[in-house]
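Take a look at the structure below.
In order of appearance the chains are A, B, C, D, E and F, and numbering begins at 1 in each one.
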């Protein structure tokens, strides 16, 4: 191939990039390069399909008749599950390779089938939870003029829909896909919920930009959050091998009926007791008893009173 | 249909989802299921069309000649208004159904036509306002190297363009579409402006991620905001029926020539007086007289001085 | 053309919009209207191509074999560079027109070729930096289960990839394209990094929504940021002509091995010394010596101790 | 708008084209210009949908499982019928306008619904006929290696599928759509069958390019044609008003079990008797008794013998 | 790159194909490889645009209002002419290179502009001719139920529309593009008209599959052809250099008001006199006087009578 | 599901179609329904890819530089072969199922790999043949103005390209895919060549509509055909079982340097001797000695002379 001054010098750049990739592969990856990676674009399509299955008249097709709706749902579900099955197979093969074990494709394929089937069986339950979330948003926001406005427009509802889907995949054994889905939600809404987080019913996030909810957070029923709330980790324990311990409980527990206003930061495995109200911008790293009302100044002195509100 | 272990069990899941949808419909929706919902995807196309109409050489087509530009604008406007007309018709029919009145399709269609026509007539005014916004951004940001950079790149300009479009639709009687458009802006820019908010000319939001401006906020001329500023509500009044009062004035009034730095939170129907500067991260729930300079510490003691700035 | 009550009144609106555009052009633009503007959509395609070139098995094509990978990389690079070349030509022509000089198209074209070629030559270096960033993220986040999860999912990695691309274009003389790319990253991730910012290796932003890094910021090696951190300007100097001075150093210098927790705001040309830890939500406008641990209360009194952490 | 030598002179050409359209409209069309025309592209989509409904595993989706197939068929049918309904409505409105009657949109809409519903009810019958056609092709062609090859590849089968669909629409009262579909088939296969033609079961056209079958042709069971066969009209009767009489019987009747070899031309309302064989390139304008074998020379002398074959 | 038994052996095949291309280039092409070829796909788009410009309510957009139609036409024309301009530039550069002359891009560009502009100016004339063609078809075919059916469905009308476009380009100096357009028509309709052929008004081809009209054919007013008619060349003269003489007159002249029935073959520079009728399948290589009626048997004996018809 | 008069009656139609499919399956297909069929759309993509690989500057990408061309070819080939591999796997599995044997997927997959690899290895040879075909067309047609016009526009060249691809697949063991490709060519060009036909170099079909070349035809070097030529079978032998014998030699052998003019029909396993010229519309069912010139009248009396030509 040529190399005149009118060229991009493709050969040289391609060769350098190959060397760069090669170095990486030697260090960490073995022979995985020939495996097929999960594809972000496919996850987009899968999520679109699942939104359509869950809310066919809103996100499926604007023209569905009563007569046609079940055919739409059944067909969309079938097509979506096939795509999901393929992506789960890829994740499983990839994970096997990473563990240096040689597993045959057939085993991954069967396991992927079981996960996909299990996921599908959870969809009616997921839908029921989302209906409760939507109602909670409608009831909790004076700007919400109708249930449909909430269903269509609220980024908090969108983010929780992604999350409830991702959480099922996380539980069933497809954590990488779950994580990709969580980041699709993050990109679309500015709300960052780790798929591992456990979130109860009638959950509502208003506005939502900048919300972060960590992997081991546990959230009860009827909890309401506003924008820029962080439920984060305080310290990252390091194991004997000098490496961060992965997956240990390190995020807050938020009990039922808690409201947390915008910008509040709650760090570590602390518990916010049932019915408490956490004011905007407060910074909390200790347990808060049930029924507390925490405002900014008080939070720092660890004192609580019944006044103020927010 | 079959139900072997090799199947997804489609019939069962489809039936369960049907039950789940049915339960919802009984509670709240009557017979609306056969109506056509507004379609988010159509709103995307409409917004693209309107950006092209307003700024044809920047967002319409890179190749427009002087000779062809009016044809482009006229054709794009015509096609976009037809799409918008259809979506407004859907919103009106949907809203009628919600109010349990039976209105014939023809009435919605005519009303939608009037709204669409009224909206179109506002576009030159909207464009003039946006030109002022763009100039304000250019003059207010030392990183802005050219007017074109501002027009092309600034998320604050993008968000205000969405908002000025959504606000007109909100005023004319298409609040659900207005809200969907606002959330498209929110998703794209991280800036969440309720379409009901009234915003004067030469308005500039820099960076913008996390900005929230509530439904009843009123903003004067030449106001400048930075990222993560909240103009929110303090309390949500509950009506005699125990339900949140919807739509009551509950967000700040920001007078002309105010600057509000990043992370400031201003809650409730308070007034920030003309020419004031609000420092980063301050938390304000009371009126601020004109010409004030509020910094974090001072804000809490409700005292003001002329020092500090930010 | 007609003007009945059944019409949109297209002719009138088109004429008013033409007047509106005309006014703008007289004031600021001369004859630029016939130039071709850079196209946002093309930049999207270019970024997709560059992600594919840099990480072909992850963002290029899921099915690449070892045998085919270099062909994919070479072809995608070739096609992407041609697109980039065209966009750079447009920026250069546009910039020339703005400066009122008449430069022939051929000169812009050649200069654009040189910039494109120079950019291409940097890609292996960019890729090597990104590998270090990815490793830093994996090592710094207990929720990261694998290198691949980081590569696929982490918005911080995504934002830094955009940035390292945009920064090269900024340095080589295509600042408008660089800025458009930065805003594509901002929209996708909520992370707003000006392409002028200088960022060392092994850089990691976790969660990231609301992060703002200004044009003249300088960041060392192994720095870690969390969501909503601002590295901003404190004051905007005004020149003798009463206009903001553009481009002067006005953002922080962050030395090696600094960690800055969520919501911290650092403003002005201050230096955060090597190895310091800045706690969440702190507000800093002065230099911080190396090895400091700054928490919220302390930050304001300018005192430092060794306790607390975050 | 401008008119420099660097322009296309758009205004002038647009004006001239407007005049040209106007002249046409005055002569023949009244106010139809505001009606929506049927859209060729929509017919393409409708045909794709119907092929998928009729042969879901071959033309619908390669991945259909037994469990999912009925959902696919039901959903595709529902979506396709809605599209068809809209196109039929357009044809009916257009036809009404042409007849100068003022019919309200609602009436067209209801009639279109009845036609669409009637069409849908015929689909199982159409499918059964096509299965017989496919079998006839398999049995009649020594090059056919499998039923699937016939179903997938044979242009004669494709053309007959289009025809049986178009014929039902023709009978039910949508002749313009039927004709558009016939021309889609003609373009794809080179086989031109007027939708009015009546064609019995087990019909097979081999190769097919250049076949023409006229509007009033009647074809029995188990007939086989080869390429370039014409079943045409001999003379066009002119009515008292000096205009061609439209729709009168003027094409051949071909009885059961006839074979017509390539290039044969049969013109006028003649009958080819049961079981006859018509040799290649013959030219026939008179009745042929049952059981005849017509070869080229004989055809011209109107004599028949039992020899020769083809 | 690798070469295991699991590979396609890409490197080897790519190298062999390069050698194959290289051999061709040495023989015939010089340095043309770096020129941009006209793109078939672009011609498709151009043809779609021109159909929309000529018949906006039929092939442009189904929803055009009277108010919007000129904007549609003007914008579509502008966009289409820009595409055409680029393709013509490519043809001219290519033709220059072929002739071994070095012409600068600017010259081709200007010449291409002139051709494009000239082409645009012919469009109203082309449209007027097509209206006459459509009327001739309606009047000449008893199966035609309406003018709109003819406009939408008749392949003969489609083919003539392509031809009248291609013929203008042929005359103006873009013969390669003209030829590509002619073959798009051939593929869509089975009708093969060389762009050089001169065809008068009110021209109608019925059915049309297999029609061939050669480069130097001249056809008068109100001529009607049926399927499989050939207007071809009889002999190809060879020049002194032993190579076929290109472009010499060698195809028939068909005078006004001639009808030629299906399958007739007319070869050489013969004249079919005004008002003649040529029967199906006849083979003609000599002049036919005006007013003749030629049938198959007679054609061969070069005798004519007034009987028979067809 | 409902069944009101406002419905399409989907359930009933879906059930009837299921019954219709079921009946077919019982008779002929066993359990094949769950196999994946080859997909026509995929073959389209594969053909586009192969045209790009063979003629990258004409059908690949208009913008290829010398530097980038091999990357384009290599990448396109890699992607295309993967698609082809999948389609071949489907054909093999399908064929196995048809033969009622149970073959594991892995075996089909490996065999498909071998076929794909073998096919790829033939591409340089195929390309060399096509270069000769293109040259033959250029030299044989006085209307051909340049080699590029032939390459771009000639349907005969297009059809032969499809054929040479299909023929290789036919030989290697993928006859169903080969047949689908042949029908894609037939639809695009009107030229119907069975993939089994053996065709020598420098082959040229002019115009081509209506040409049919049968499965067992053998064509020598430098043969030229015109439109509507048939090389067909005369009789179809029936085997002892009363079924047509499939695949027996039954089509003509055409030796080197033969020219066959338009509309000629040659049927049966006859030989047209080297250097013969067959006139238009003749009908031949016996051998023709080398060097003959056959015209229409003579052909029927089986006499030959040296005069006449065509």
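Going forward, contacts are C-beta pairs under 8 Å (C-beta built on N, C-alpha and C of every residue); 3 or more make two chains touch, one makes a residue touch a chain.
None of the values given here were measured: they were computed from a predicted structure.
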item	value
Shared chain contacts [subunit A and subunit F, defined touch]	C, D
Set of chains adjacent to subunit A and to subunit E	B, C, D, F
Numbering shared by both copies at the subunit E-subunit D contact, with half separating same from different	different
Repeated interface matching A-F, over half of the contact pairs identical, chosen among C-E, A-C or D-E	C-E
Separation of subunit B from subunit E, taking each centre as the mean of its C-alpha atoms, in whole Å	53
Shared-contact residues (touching 2 or more other chains) in subunit F	8, 10-11, 14, 63, 65-68, 70-71, 73-74, 77-78, 190, 209-210, 228, 263, 281
Listing of all chain pairs that touch each other, if any do	A-B, A-C, A-D, A-F, B-C, B-D, B-E, C-E, C-F, D-E, D-F, E-F
Subunit A-facing residues of subunit F, complex	1-3, 7-8, 10-11, 14, 65-68, 70-71
Complex contact set, residues of subunit A against subunit B	53-54, 56-59, 62-63, 65-66, 69-70, 73-74, 77-78, 81, 116-117, 120-121, 123-124, 127-128, 131, 139-149, 152-155, 188-190, 207, 209-210, 227-228, 262-263, 280-281, 296-297, 309-310
Complex contact set, residues of subunit A against subunit D	61, 63, 65, 67-68, 70-79, 82
Complex contact set, residues of subunit B against subunit A	8-11, 13-14, 16-21, 24, 28-29, 33-34, 36-40, 90, 94-95, 98, 175-176, 179-180, 182-183, 186-187, 190, 192, 194, 196, 209-210, 212, 214-215, 228, 230, 232-237, 243-248, 250, 263, 265, 267, 281, 283, 300
